Each structure stands twice: as structure tokens, then as C-alpha cells.
């Protein structure tokens, strides 16, 4: 029987796989960062799906807190990656290759 | 006892915040924090040695709800390694980062890195470990990019993406484990692990993610660029400590959480990858034209020994042999930690003096920088595994365990690896001791030369001659 | 509403998310990819809300989709003003094929393991423990209780992660030049929205003690205010400079750590708040965390050290 | 009676949304699409909001829904204006 939490859990696994596939095979940095973020959302979905206890019961709050932490970590990492990329692009202009 | 655990994490973190808030005073704050957290680690170490393991539930909540900190012998040893290497690197860094701007950038990130390492060694909670892994990864990446050179930025970006992929793989495993077992506490998960799909896939995902971060062959592709383009003190920390943290977690997860779920084939696979790492890494190190690249590839090879040890751990029956192998792994990790940091720091001195690190042009180094050359020689001795270094004993026990287990391939690989290591070390020393005019003037750089020397001495003499306490303690505690 | 009707919504949401993810990852134009990613984030927020995770939905909409989207769009602008976009070379077919098979294999194994684990274990898990101890945590919202009390150590380290990323971004060079001044309509909109965002950040922070919300969502809302001000042409997004800026950036983890250490007296462990004070201390920590998170997110959006700041440091490198 | 009125308002609101979306998909250039989307959606949203308000009893909830309406109006006005300016600057992106 298909139920809500199973559906979202499986969706999370599929999204994570899509992200993994793209992060390995894509070559553009921006797209890789995007793929990492989608991979992260997939993993978060598994957590939240596990926490769901049906339409009438309260969900488990622990995975919710973990995912909140995960979202902030993901945005921090994204910011660092984009800053590194920007530096790489700007030094390409100056041509200071070693 | 519990204060000691909290302080080992809190002190460097506090130092990082203070150094970030007062960039003008960052060097002073930095050295002070490293000393204080070193003192806390020493305190914790003596407590663990005298009273046994320490365990604490943070916030006073019950197990499962709270995050647990756990200091056993292995954690205490890794903390001590980190504290000592960090002290040497910090002293070195006060000279290396002379401009206030560089110092203000280095210290907060370096202290965050230390806090992450200490937290990682102590944490007994699977999700908390993920957060420490990310803190470790991001601060290490930022430090790698410190020089601002294009090659360093490029290496840092790749290091970041690979690291993120690794930690998300780990996190995916944690998600599956939580689905299956409903807890994040390592001990509780360990009790519930069985040979079932959830355990197996979590084992694969978490180990895979960590191997990517630990750079086990063939997942090492990012390491040489990152380790060889970072500033010398950062390279030392990356090679000696950061990759060890990944290995430490694999060792911990395999022995404490997944022990039930690990098949002999899985252990074999890790061992074979370790063998490939030894051969490939040593060969690339031999071919390297720059000293830092040599040192980085040597790290790839040395990590291979640790994983060969891990395989032996799972093919040797419990009992005295098990402790022999575990002790050998720890000794190899310790020796490599001290020796590789010594080597990178020494290379940094050579690079600053000579303006380059091309091996073929190093002739005459020994006359200008005798202490540094001696440090390179000491570190090389430990990397080859010659007596009296700690690696000698470590390799000796790994070899005898392989012979006992009838694993002749391992014996062959470790022998070839040692020969290759001897070749690449003597290639460097041959040039360093060669007679030639050395382009730079002699300068007194005692504060920058002795950390490398001290680390080299620990790796070769102290660990080699005084390593019996490791086994003595392992026997007592079992 | 019947259970089945909602399941149809679930299936539609899942299909939409899948399509958006595939389109975002494989669209030909990067600009389109990023827009699709932002939409993906917003639809994900719907999925979180559907799974009864309103805290996560708020965070996803503000941080995961909002701030991350703004960061990505700003990064795309770097591309246009900077060097030409290098045409990305394709991978050889054997690589594509082997990676695809590997990932599909991993996906199927993981799905099988998930189904197995999910079928065999469905209990309250840690949720039961949280409910049992919630009254002792000082707050009424279980997610806030986990974040700031039961697993406060995670959150402390997470603020450190944000700080590490911020320090990394700052050392990589000066901020992007301010955008050209926006038109009158937008300027007016910004002037109008900013106070509203500040008020709603305060509300979300306050309400987080007993309802969905909290420091992270509030911090992201404040950051949104800063980002909008920047888009409206403000140079520093309303941030103070120099010492005060640094103090705000480290203040969140600083106050957190200080409270955690101060609580450590007698038998109490790190971060073991005195029971009667827990609610107050958590609010105190959250206020400073909100400011830190907001300042850090705006600073990383600016993309580096704003040029007029930190006169004690040299400008630029290359 | 109130239920009926509210349902009628919501359904007609949805119709305008539908029309706006068709316009977005079918109209030839950016400015036309913008026109369709902003005009039709604003009207649709207004009808939707009033339909919902009829269902609510607590004043605070009504206030919240009205606040959402005003915010979305402001955002779509600002956004629409930005897109239009962009098109004016780069006529190449008209289609």
C-alpha cells in the first residue's frame, strides 16, 4: 500500500540520486552546486518522511530539527562554493595563472 | 572529568570567536587558545588513562534524546596527537603568517578547525558527527584557499564539492539508520544493527562518504592538489589531522556501530583499495617533481596502510592479536600524523628560503638549513618505517598479522611500499645533502625550524622507543 | 477531506518536484536552471508543510529557496560581467553510462532498504522522548526544544559552520560592486518592505517558543530585508561596519557558548540550563543567533568584504 | 448563503488565475505576458481573498489574509515593473 511517508521517502531517494548523478557528471560549477543542493533536499526528504506519523498523530520533531540544521549548513556551503567560483572567475580575467 | 571534555571543544571555539572579533590580536588569542585547549586535552588524557573512559550526556537529558560525548583510549590518543601537532603548527604559523592581514585570516579558521576535530573525536552521536564533519570541511576549504593563488582556489573549490558530496553520503546513511532504528546515539544504533538491508546500505553510504573525505584510492583524486597548494601550516594540518579524522570515523563506525553488519568481502575490498593506495601513492610520490606534491602523494600511500590495518582487524579473531593490530593502526596513524606534519612544515621553510620546492634544485639545502634538513630526514625515516620510528613497530605488527592470516599479498604490497617510500625519501635527501650554491642568505629562523624538528623527533624516537604503552593500555582496558 | 484526496495531492506534488529537479539540473540555460531551482525550493516547502513540518517549510522557503536562490542569481551575474562562459565539455559516453548505472543501482538498493526499514519500524522513535521532556525544556514548540535545548550542541556547532563559511567568503576578496540604483517603484517597495520584514522577523522569533518559527527563520527574514535593501541600491544593506559588524557576526555563537559554559557548574554538563531559566536563556540565545544569522547571510550575499570597511586591512590581492 | 457566495468568489478567482496562466503561455512577447499575468492574477487573488474572508470569523485571521493580499499586490507591482524595465533596457529579450 502506498502511503504518504513512503511516497515522500522514495521521492527523496530519487531526488538524491538525480543530484548525485548530476554532481558527478556535470562540469559547470554552478550546476554542480545546484546538484549538491538537490541532493541535500533529497536526503532531508527521507528524514522528514520518516518523521511523519500519519494525518492524525504528531510528527517526530527530532528529524525536523536535524533538517533545519542541514538547511543552514547547506546554504553556508553554497555561499562558500559560490565565493570560490567568483574568485576563480575574476582571477581568470587577470590571467594570473601559476 | 566531564568539564575536560566540554573544554576541549569549547576553548578553541571560544578562541575562534575572539580571534574573529579582534583581528588585530588574533595571533595572541590564537596561541593562547591552542595552549589552553592543549592543557584541557592533556587533562582529559590523564583522566582517561587513570580513570578509564569518560562519557557524558550533554544537557543532562537521557540517552537518545541528548547528544553524548565519549572519550575512550582511541579518542584520547587522537586528541593528544591533534593537540601536539596543533601546538607545533601554531608556533610555526606565528612566523609563517607575518602580515597582520594573513594572521587575522588564518587564526579564526584554524581554531574552528581544531574545535571541529576535537568535537569529531569526542562525539558519540551520528548527526552531531555530521555537523562536526561539515565544520571541519568548510574551515579546511577556507584555509586551503588562504593564499589566494589561482591553483589554490581551484583546489579548494574541488575539495569543497568533494567534501560536501562525502558528508551528504554520510548523512544519507544516517537518514536510513534513523528510519530503521529510530535513534542517533552510536551506542544505541550499534545495539540494534543487524544483517538487514537498512544496516547494509547505511554502511555503504556512510563508509563511502567518509572514504571520499579520507581520500582512499581511487577516491584520492582531489587530495594532491588541495594538500600541495595550501599554505605550509595548513597542508600539515590537512595531511596529518584532517584526513585522519575521516579514517577515525570509519574505524569507529566499523568497530562500534556496524561490527555485526560487516562481511569479510567488505573488509577485503577495503584492504585491497588500501593496497592499491600504497602502490599508487608511493609511485606517484616517487615521480613527483615538487616536494609538496611528493608529500601529498605520500599521504595517499600512508592512508593505504591504515586501511590495510582495518582489513586485518576484521580478519583477525578477537583476542590478543586483535589488540596487536588495533595498536599497530593507532601507532601508524600517530607516526604519520607527526611525521607528515613535520615534513610539510619543513618543506614550508625550504620553500620560503629557496623560493620554490622543486626537488631537483634543492642541492645545498643541508648547509643552509641543517635543522630543517634533519627534520626532513627524521620524517622520511618514519615514512619509510625504519627503526626506531613508530611506523617500524606498526608495520612490523601489521606484517606479522598478515603472515599469521596467510595474507601474502599484503606482505608483498607493504614491502614494495616501504621500498618505494625509501626511494622517494632518499631522492629528496640526496638532493638536499648535495653540494651546491644555495641562492638565499642564511637567516636565523629558530622559531620556524624547531616545530618541524620536534615533530620529527616525536615520530621517530618517542613513538618508536616508547610505544609499548599503547599495547599495555589496550590490554588493560580490554 | 478524505485520506485519498490528499494522497492525490501528494502524488502531484511528487511528480512536480521530480520534473522541476530534472529540469533545473538539465536545462540548457543556467538562468532558467536557477529560476527552476527556486521554484523547486518553494514547492519543497509545500511538501514540508504537507508532511506536518511547518518549521522546516518556513526555513526552506526563506533560506533554502530564498537566500540560496539570491546567492545563485548573484553568482550568475558574476558570470556575465566576468569572463566569458566557458562551454562545458561533455563527458565521454562510457563515463555517463557507468555513472548512470551505478547511481541507479544505488538508488534501487537504497529504496529497497528504506521500504524494508520503514515497514519494520514505525514507532514514536525519539519523538516520544521529546514529548515526555517537553515540559522541562522551557519552550512549547518541540522543534525549538530540540534545536535549542535537547540538541543545542548541534545548533551551536551549526552557527560555527556558518561563521566558517562567512570567514571563508570574506578572505576571498572584496564584495561585489553595488548594483545600479533601482527605479522609484522598487525603491519605494524596498522602503516599505524592509520595516515589515524586520517586524515579521521579530514576530517569527518570538512565536518560535511555542509555535512554528524561531531563530533561523527570523534570521533569514532579516537577511531578506538586507538583500532587498541591497537590490534597492543600498551599499551596505544597513549593516554596521568594522568592530560592530564583527561582534554581531560572532555574537550568536558567542552568547550561545557563554551560556552553555556558564550553565556548567556543579554536576551540570555543558548547555544544561537551570530549569527555571531555560525559557529566558533560550530566548536570549535566539535573539543573538537571529542577528548573527541575518548578518552572516547578508554578508555572504554581498560576496565578500565590503570595500569601505576594515581600513586596517589592505584592499584586494591580485 | 455565505458559503455559496464565498464558493462563487473563489471559483471566479480561480478562473482569472487560469486565464492569466493561459495568457502567460500563449501571448507573443514579454510585455503582453506580463500584462496578462499581473492583471488577471491580481484580480483572481482579490476574489480569492474575499471568498476566504467570508469563511473566517476571527478578526486576527481576517487581518492576516488581508495582509497577504496587500503584500502580494505590492510584490507583483514591484516585480512587474522590474521585468518591464529590464525588457525596456534589453529589447532583445522581448520574446
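For reference, chains read A, B, C and D in written order, and residue numbers begin at 1 within each chain.
The working rule: contacts are C-beta pairs under 8 Å (C-beta built on N, C-alpha and C of every residue); 3 or more make two chains touch, one makes a residue touch a chain.
All figures in this text were calculated on a predicted structure; none of them were measured in a lab.
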For this session: Between B-C and C-D, flag the pair that has more C-beta pairs in contact.
Result: B-C
Seminar exercise, completed: Expressed in whole Å, how far the mean CA point of chain A lies from that of chain D is 31
Exercise. How many Å are there between the centre of chain B and the centre of chain D, using C-alpha atoms for each centre?
Worked result: 58
Seminar exercise, completed: Per the C-alpha means, the centres of chain C and chain D lie apart by a whole-Å value of 28
For this session: Could you list which residues of chain B touch at least two other chains?
Result: 127, 131, 134, 138, 141-142, 145, 148, 153, 172, 176, 178-179, 184
Seminar exercise, completed: Multi-partner residues in chain C (2 or more other chains touched) are 106, 110, 114, 118, 125-126, 130, 150-151, 154, 158, 161, 164-165, 168, 172-173, 318
Problem set entry | Interface hub residues of chain A, defined as touching at least two other chains | 9, 16, 20, 33, 46, 50, 62, 66, 69, 73, 76-77, 80, 84-85, 87, 91-92, 96
For this session: Check the chains against each other and report every pair that touches.
Result: A-B, A-C, B-C, C-D
For this session: Going by the contact rule at the top, pick out the chain C residues touching chain B in the complex.
Result: 106, 109-110, 112-114, 116-118, 120-121, 123, 125-126, 129-130, 133, 149-154, 156-158, 160-161, 163-165, 167-168, 171-173, 243, 246-247, 249-250, 253-254, 257, 260-261, 264, 268-273, 310, 312-314, 317-318
Exercise. What residues of chain C sit close enough to touch chain A in their complex?
Worked result: 3, 6-7, 10-11, 14, 17-18, 21-22, 24-26, 30, 33-34, 37, 40-41, 44, 47-48, 50-53, 55-56, 59-60, 63-64, 67-68, 71-72, 74-76, 78-79, 82-83, 88-91, 95-96, 99-100, 103-104, 106-107, 110-111, 114-115, 118, 122, 124-127, 130-131, 142-143, 145-147, 150-151, 154-155, 158, 161-162, 164-166, 168-169, 172-173, 176, 216, 293, 297, 300-301, 303-304, 318
Seminar exercise, completed: The residues of chain D that touch chain C in their complex are 71, 74-75, 77-78, 81-82, 85
Exercise. Any idea which chain A residues touch chain C in the complex?
Worked result: 2-11, 13-22, 24-28, 30-31, 33-35, 37-38, 41, 44-46, 48-53, 55, 58-62, 64-69, 71-80, 82-87, 89-94, 96
Problem set entry | chain C contact footprint on chain B (complex, rising order) | 2-3, 6, 10, 13-14, 16-17, 20-24, 56-62, 64-67, 100-101, 104-105, 108-109, 112, 115-116, 119, 127-128, 131-132, 134-135, 138-139, 141-142, 145-146, 148, 153, 172, 176, 178-184, 196-198, 200-202, 204-205
